[in-house]
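Got a structure for you, written out below as structure tokens; questions coming shortly.
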Amino acid sequence: MAIKVGVLGAHGRVGQAIVEGVSAEDDLELVAEIDRGDDLQQLVDAHAEVIVDFTQPDSVMGNLEFCIAHGIHCVVGTTGFDKERLAQVEEWTKQDGAGNVLIAPNFAISAVLTMVLAKQAAKFFETAEVIEFHHPTKLDAPSGTAIHTAEGIAAARKEAGLGEMPDATEKQLDGARGANVDGIPVHAVRTRGMVAHEEVIFGAQGQSLTIRQDSYDRASFTPGVLVGVRQIADHPGLVVGLDKYLVL
Amino acid sequence: MAIKVGVLGAHGRVGQAIVEGVSAEDDLELVAEIDRGDDLQQLVDAHAEVIVDFTQPDSVMGNLEFCIAHGIHCVVGTTGFDKERLAQVEEWTKQDGAGNVLIAPNFAISAVLTMVLAKQAAKFFETAEVIEFHHPTKLDAPSGTAIHTAEGIAAARKEAGLGEMPDATEKQLDGARGANVDGIPVHAVRTRGMVAHEEVIFGAQGQSLTIRQDSYDRASFTPGVLVGVRQIADHPGLVVGLDKYLVL
Amino acid sequence: MAIKVGVLGAHGRVGQAIVEGVSAEDDLELVAEIDRGDDLQQLVDAHAEVIVDFTQPDSVMGNLEFCIAHGIHCVVGTTGFDKERLAQVEEWTKQDGAGNVLIAPNFAISAVLTMVLAKQAAKFFETAEVIEFHHPTKLDAPSGTAIHTAEGIAAARKEAGLGEMPDATEKQLDGARGANVDGIPVHAVRTRGMVAHEEVIFGAQGQSLTIRQDSYDRASFTPGVLVGVRQIADHPGLVVGLDKYLVL
Amino acid sequence: MAIKVGVLGAHGRVGQAIVEGVSAEDDLELVAEIDRGDDLQQLVDAHAEVIVDFTQPDSVMGNLEFCIAHGIHCVVGTTGFDKERLAQVEEWTKQDGAGNVLIAPNFAISAVLTMVLAKQAAKFFETAEVIEFHHPTKLDAPSGTAIHTAEGIAAARKEAGLGEMPDATEKQLDGARGANVDGIPVHAVRTRGMVAHEEVIFGAQGQSLTIRQDSYDRASFTPGVLVGVRQIADHPGLVVGLDKYLVL
């Protein structure tokens, strides 16, 4: 039996991509395309089991309140969630018969998996460094994703009881060894033509392990959204971050 | 408190490397170096908690029987274990106060982790291929490790309900799409100068994830042996394969 | 002084990209945008020094005859040139005061340079292999570019007196060692999400050299066209293939 | 006819590797193995056409004076050449019937070729960055080779009239964008297990080109020495740097 899916914000650029993505899958059935001004009751009438919400901060809370109360699970890529909003959503999910909610800032599954796998590998290697590659019009360096990855690695190392990494550098040109994020060197490369890419390099005696992620296209969120749609029934309450769905 | 470690086969090439590896770690203490002809009682006298055995098929069973019976855990890289031997070792570990045993054919932690992480990632991607790189004096293609990796990916895909991979190839030169291992293409590159390297490439809409392992040196088993030594107290009975120690 | 450039086929998708590309450069001046039905005389009136022609096989010969006769150099990406057409164009370039012509089937400068540099490196290494990566909707394997690259490497090896490459493989799964193109193994990987990528791996004792090209976007012809525009005045007569412009 | 080769410093570690390397080649014939105290006249008696000198600063000048005067070409990896010594050697090569000389600080052919090819590619790309990877016991960052590579790229860009590279970075963690070597960002990664590796990344609209060099083994000088031995007869006088032999 295919999972019945409704898409909110269905006429936006992202919404359209998700409508196409859902329609292409055999185990999913697109039952409603909703956009601003449409009646949410359509979702109930169409027996939607899961909705995907890529709308706006001013409409998402209303959407969630309605869907959760009707037992419809919600996969949410809309931005603007602060502590209060998250607390409110969590409250709603505690009602009897409430739908589950996944709110994720990043649905690029290769990027999220890189963080998940890197945290797992980190505890087995003596050294770890992160290199990220973006187009030269990017304003910040390193990228938020790379900083987040390095923080995850640093935390995993600490938990595993690993100490400071070896580095005999005595003489260096300023900046050569990268930015220091919780003890993990992070290097930012800016190359015309590239989109968004990240590489994590782990080293141990006689060997290295590299985990690399390449985004070739800004529309790389669909596979991660589909993972959310398929698994949300098994993740009760509110979950923040797609990574929770990707760990074994 | 440092873990007290004894090394069997301590005068061999591998044994020497392990002796050095153990000696270099603060949380491990080398308490005995045993080689052919030495009395195993030394291990008991030195209060060894874990032994590492890289000896020969003709001596390893005697070593294990003695150590297990004395409650000493055994990390074993010696070859020659068939079904009967494994059954016998398992039997020994069931005695009261018995030591635990890890028997692994491959201690190269980056190679073993590549398999572990690849199995985990496999279920989230539409396509997967494996490329392995070795020196041109290698006799078999693809390598056993690459075949094993591909089998693990195929099994993970099946478990996740993923079907056949897309491939529109209509016209090809013989061999261009690699060897087919359970539906996963595997390519073998033979390059002078290289040692042993493996790359797993996963693809999904707009993105890819690559896990790559490089062995620069045949003596890359030490870090994996140390993982075994540190964790064996938490893995009761007989465990075959280092991968069981690397999964979360 | 900026080079005065006219674009033919200026309203097509490729033409538009070139119009934008020319306009963005300080040392180039866009002086005419011509499309089907427009009078070529505009090019002369605007003092165009170089034209770029991405039009159709049915119009390109007329365009070239006119421009060459008026001493305007022609950078041509239009397809459909057979031996007779090339001979005719060459004939035209021999007139007094004729414009120069560059006809190239591939303006992706990273792909063309990969071939140029690979040919140069080939003669210094014992082994060479090619891996190409494309999306899984590609019909042929390996790609034409990869085959062309392998042929170039094979020719360079032969010229340098290098013999057959070492390969001790005795036991293999069918296809593991790739397709054989003039003695060079070529492997084709099909990964969802990728666009067009190629890797050439050279090996010698204790070391390897890798040249890799990534196309992230089908519209990657512009930089190569600009190289043609800037250099064409220095390449008299007819030149076929951008590679002739990229060698030192 | 095989080229007759003598090795000076033949009993040293490097000398031994070169003796083996020469012996393994069909087109070369090892005719003399000389070490400290041996009579150089042996070289003449054995009709050596080329010698390879990996000796010491205190003996190399005597060796060169003798060989050059006897019309024997000299491939030299010995260190300690300053301006005066180079001038003296050049003087010697100007005699009638003098041998040619190649003095090179680096015979790792993949590293030297990376510099040569990078300089060639540099003029066709909008951006260029260098990443080098070494073991964590290295004292300087970036490596001398990486700095030298970046300087070569910067010079090639300048010669081609390319301006400053685009970089919109407004907000950065200190060091994220690497060290600045003549305007080229250079990043130094320190990974346990790695030996010496360098990557040059060029970017243009919609594409990138990467040239990567891996040294897996400190004994990677042999292939470069053999290039020197084979080509030295065609390079009259004194040449400093193997790169002069690698350009088309």
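Just a few scattered comments:
Residue numbering begins at 1 within each chain, and the chains themselves are lettered A, B, C and D in the order written.
We adopt the following convention: a contact is a pair of C-beta atoms (placed from the backbone, for glycine too) under 8 Å apart; a residue touches a chain by one contact, two chains touch by 3 or more.
All of these numbers come straight from a predicted model, not from anything done at the bench.
Common neighbours of subunit B and subunit C under the contact rule above are A, D. Repeating the B-C interface, with the same residue numbers in over half of the contact pairs, is the pair A-D out of A-C, A-B or A-D. Taking B-D and C-D together, the pair of chains sharing more C-beta contacts is C-D. Farthest chain from subunit B (centres taken as the mean of C-alpha atoms): C.
As for how the two copies subunit A and subunit B face one another, over half of their interface residue numbers coincide. Here the CA centre of subunit B is 39 Å from the CA centre of subunit D. Averaged Cα coordinates give subunit C a centre that lies 32 Å from the centre of subunit D. Residues of subunit B in contact with at least two other chains: 125-126, 193-194, 202, 204-208, 214, 216-217, 220.
Taken as a contact graph, the chains are fully connected, with every chain touching every other chain.
Within the complex formed with subunit B, the residues of subunit C that make contact are 125-127, 129, 131, 133, 136-142, 147, 165-181, 185-194, 201-208.
Residues of subunit B that touch subunit D in their complex: 193-195, 214, 216-217, 220. Considering their complex, residues 21, 27, 108-111, 113-114, 117, 120-121, 124-126, 161, 202, 204-220, 222-223, 227, 246-248 of subunit D touch subunit C.
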